[in-house]
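Consider the two complexes below, in which chain A is the common component and chain B and chain C are the respective partners.
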Partner chain A sequence: MFAPYIEYARKAFAREATYRIELIAEIGSLVLRVYLLRSLWTALYAHNAAPTGLPLHSMVTYTTVALLMSLVLEVDGTRVIREKLREGGIAVDLMKPIVVPFAYFSDGIGQTLLHAAAIVPSLLFALLLVRIDVPSLPVLAIFFCSFALGYGVNFFVNFLMNGVAFWTLETFGLQLIVRWISDLLSGQILPLSFFPGWFGRAVFALPFAAIYSTPLLVYVGIIPPAKWAAALAVQATWLAVTAGASYLLWRAASRRVVVQGG
Partner chain B sequence: MLAAYVQYWKINLLTIVEYRADFFMWFAFTVVYHGTALAALAVTMLRFPSMNGWSLREMFFLYALWMTAHELHNALFFNVVSVPEYIREGRFDRFFVRPFDTLFQVLTVPSRTFPDGFILGLVTLAIATHVADIHVTPFTVLTIAAVLCGGAGIDLGISLFVAALSFWLIRVDTLRWIVMSLEQDFTRYPISIYTRGVRIVLAYVLPFAFMNYFPASYFLGKHDAAFGLSPEVGLLTPLIGLLWTALSYAFWNLGLRHYQGTGS
Partner chain C sequence: MPLIVTRDLRKVFRSAKRFPGALGALRGLFSPVYEDRVAVTGLSMEIERGEFIGYIGPNGAGKSTTIKMLTGILVPSGGEVEVAGIVPHRKRRENARNIGVVFGQRTQLYWDLPLVDSFELLRAIYGIPQDRYRRSLDAFVELLEMGDFLRTPVRQLSLGQRMRGDFAAAMLHEPPILYLDEPTIGLDVVAKEAIRTFVSRVNREQGTTIVLTTHDLADVERLCRRIVLIDHGRAIFDGPIERIKNEYGRERTLVVRFTETTSAPAIPGARLESLEGLTARFVFDRATQRVDRLVREVSDRYSVEDIAIEEPELEGIIRHIYTQGYAGEERSA
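For the complex of A and B:
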């Protein structure tokens, strides 16, 4: 029953693996960013009072782990929907004896696994530039659970974005816009606690916070063990909401597949 | 040649009228791109008011100066980025049989460009100049204009150099991508926050520091903490832009002589 989906993942992995130079470039550019952010935060902490609960080493750990996570989270596993819609392949996929969203999810997993492999060399190079705090085993375990939930939310947010292509056929610009806003509001660039006032409270209530912020705050210890359950429950809720919305979108969309000439 | 260039802009403007929805989406894209960068900067500096002696207002000016020069480059020279693609697909060869300079022809491939980003940059720069309390005289306006042209020249020089490499190497997309992200990320902050090697690269090898750091130091009357250079160094930007463009153009011509087509 699962065999075709495993095959989808394997194919996606192999496909991505052919872009070796791109992968090396990705690692190179990540290492440059690690350097950039280390320089930035070191300079900022040297000239200003440190925010409470977040000393420089935690901040550097936060940004470095965020960059490593982005290797996996910036893979858009559902881009394939947009491409299939443009080229008409989606009609063929809908005729196959598979659940199409599952197939695309497997495809995304395959791509993700390859990029996850890039984490190891990236981490090794990053360690030449920065020191990363390594938390205790339970913290790490909860971090990975939270990261997995964040991965799910990210997948479905992308799914919803690409799903818009069923109606407009062109979503690339829109998607980049959402990506940048989400990078900022998910805590990838900065800890969300830096946002001032009511806005600072509001960003925690958005689904984006479930993607980067929660796992990262678990990692650096700002979310204490007593609040782990609540934090992961919020993530799980967002996962359910975005998955439900994706299901509804898919049901509405697959009824109105139109063939674009060409 | 001038008549052909005017014609090119006419075609561009007409295609934009045709593809309005597309145009608005890409404009929104530009606004959000710079908006999120500035928002991240503002949020950071509300917590950390001093970036190596630069205040948020000064950082805003630093960003606006880079943004405007970069958008000027995008409005006029963006097609240079497509050269590797033209070569790969064999579309480059037709430029040889026409009576214009090849680079001129590359720059005038109709591509739905509109200087919307540049206009947005000018507005942002005007606001930033006001916010940073820079005393504006006709001389300031002239020097800022010269610095913007020089900054666009630096951008052009570097992208033309990468494009010319594709006469020898077929795949330069990755290199271009790295250079672009290097520029976007590293021009955001005063170069004094980096270690010496990186400062030297940004000042002398890929002189992005001349797009904004040095000229911004001059206009804001700031001491250069990176090299201890005199602030007037910032006025060298037009010269460096010209130099980079000229060198890259020479390299481009060298590549043209070497070029034999990919056979596709």
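For the complex of A and C:
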């Protein structure tokens, strides 16, 4: 019953592994960004008082871990939907006895696993340049739970973006905008607690915060153990909402599948 | 009970009308006007188990739309469709187990991975037991001569090799029904012949029901006993190839090669079509003129080196129908 989907993941893993140079370049650029951001924050902290109780070493830890997470979170596992819609390959998949979104989900998992493997060398290289804090075991455990939930939210946000292609075929512009918004509001670039006033409160109410911000704030200790349950519950809610929306989108889409080149 | 049945099948596509220019695009965005395009209408046909059908028609006639409804990925706008007792669009996955599909213009193989990897994925998808998988893969490797490139990444294969891979991929689960959509497009003569031999063998030996969509009428002539001709979304002919040839191909050509230069040769009952050098071509109606009389007349009148009679080719007939319309009795079902 799951055999086809496990195989989809394995093939995606093998496929991504054939792009060796791309992966090496990705690791290289990541290590470079770790170094640049450390320099940036060090310079900024030297001229200003530390904001919101986040000392420099926590800030460097935050950005480094965020970059490592991005290795996995920037994998757009469902971009196949968009590509297959444009090229008509989705027709071939629909002619198979499979649940097509599950197949694409598995493909995404396969891609993610390969990029997750790249975290280890990236981390080792990064540690040559920066020192990051290592929290206690319970914090790490919660961080990974929260990361997994964030992965799910990210996956379905991407799914929804790519699913728009069912109606428009072209989603590049939309994706670019959502990517910019998401980079800023997810806490990937800087902690959301930096945003002032009502805006600072509003960003926490968006699904993007569930992607990077929650796991990272758990990691650096801004979310204390007492608030873990609540933070993860918010993530789980977003996961349910985006997954539900994805389901509805797929149902509507499969009713109007008009394959290109008909 | 036929294997594939369609009754009054219909598909209408609704699309937003486009207006020219930037302002037009804006207008289309805010007050869209919809246009209906009838892709298939009133299509009724029955296909028996083991048949090999040529499903032909000009571009945009509705062939692909029909195939998509038969595979369950398009929902019909009206009428009924049943494939092996299943309504495809209601039970797409169940239907998928009964069918194999080959598209000449796209591949289902993993581009970056060795060919055999795609087969392994299909084994998992269809839940083919390991020993049966081994057996049928070995058979395909031998039949389609894939041994040399089984472990080559698909992107490095020639089109002919890739097509052979696609055929094996479509048939690994031994489906009783095979849909072929222009499977020989772009292939050289040798590769074409290999594919034709293969599908004809599959049809004969395994009794696989095959629906072939193609523009290569040599494929159809060589492989199919029956053709369904579709134009403007309607089936305008459904029957044996011989019948369409008889109805349309009443004209024969008598090719005469004279021993000496002959000006304006003529035979009663035949029309001189062309005269090039020593060779003259006469067209006559097979139903009203007897061949033996024409041959006797021409050899009585002239000094003749060689005589041949040409039958019309399916291609010529189909071209005639595409451009002139079908004048025969319209098939009503």
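Keep in mind that, in the parts below, the second predicted complex is superposed on the first by the 260 of 262 C-alpha atoms of A that agree within 3 Å, B and C clash if a C-alpha of one lies under 4 Å from a C-alpha of the other, contacts with A are read in each partner's own complex, and residues count from 1 in each chain.
Note that in this section contacts are C-beta pairs under 8 Å (C-beta built on N, C-alpha and C of every residue); 3 or more make two chains touch, one makes a residue touch a chain.
Just so it is clear, the model here is predicted, and its values are computed rather than measured.
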In the superposed model on chain A, is it clash or fit for chain B and chain C? fit
Just chain B (first), just chain C (second), both, or neither: which does A:Glu22 touch? first
Once the structures are superposed on A, label A:Ala205 by its partner contacts, choosing first (chain B), second (chain C), both or neither. neither
Is A:Ala230 touching anything from chain B or chain C once the two structures are fitted on A? First, second, both or neither. neither
A:Leu128 contacts which: chain B (first), chain C (second), both, neither? neither
For A:Ala91 in the superposed arrangement: first (chain B), second (chain C), both or neither? second
What angle, in steps of 10 degrees, lies at chain A between chain B and chain C when each chain is taken as its C-alpha centre? 90
I'd like to know which partner A:Leu44 touches here: chain B for first, chain C for second, both or neither. first
When the two complexes are placed on top of each other via chain A, what is the minimal CA separation of chain B and chain C in Å? 5
So which bits of chain A does chain B touch that chain C touches too? none
In the complex, chain A residues that touch chain B: 21-22, 24-25, 28-29, 32-33, 35-36, 39-40, 42-45, 47-48, 51, 170, 173-174, 176-177, 180-181, 183-184, 189-190, 194-196
Chain B residues within the chain A interface of the complex: 22, 25-26, 28-29, 32-33, 36, 39-40, 43-44, 46-53, 171, 174-175, 177-178, 181-182, 185-186, 189, 192-195, 198
Can you list the chain C residues touching chain A in their complex? 13, 39, 64-65, 68, 71-75, 92-94, 96-97, 99, 101, 103, 105-106, 108, 110, 112-113, 117, 120-121, 123-127, 153
As the complex stands, chain A meets chain C at residues 3-4, 6-8, 11, 14-15, 18-19, 87-89, 91-92, 94-99, 255, 257-259, 261-262
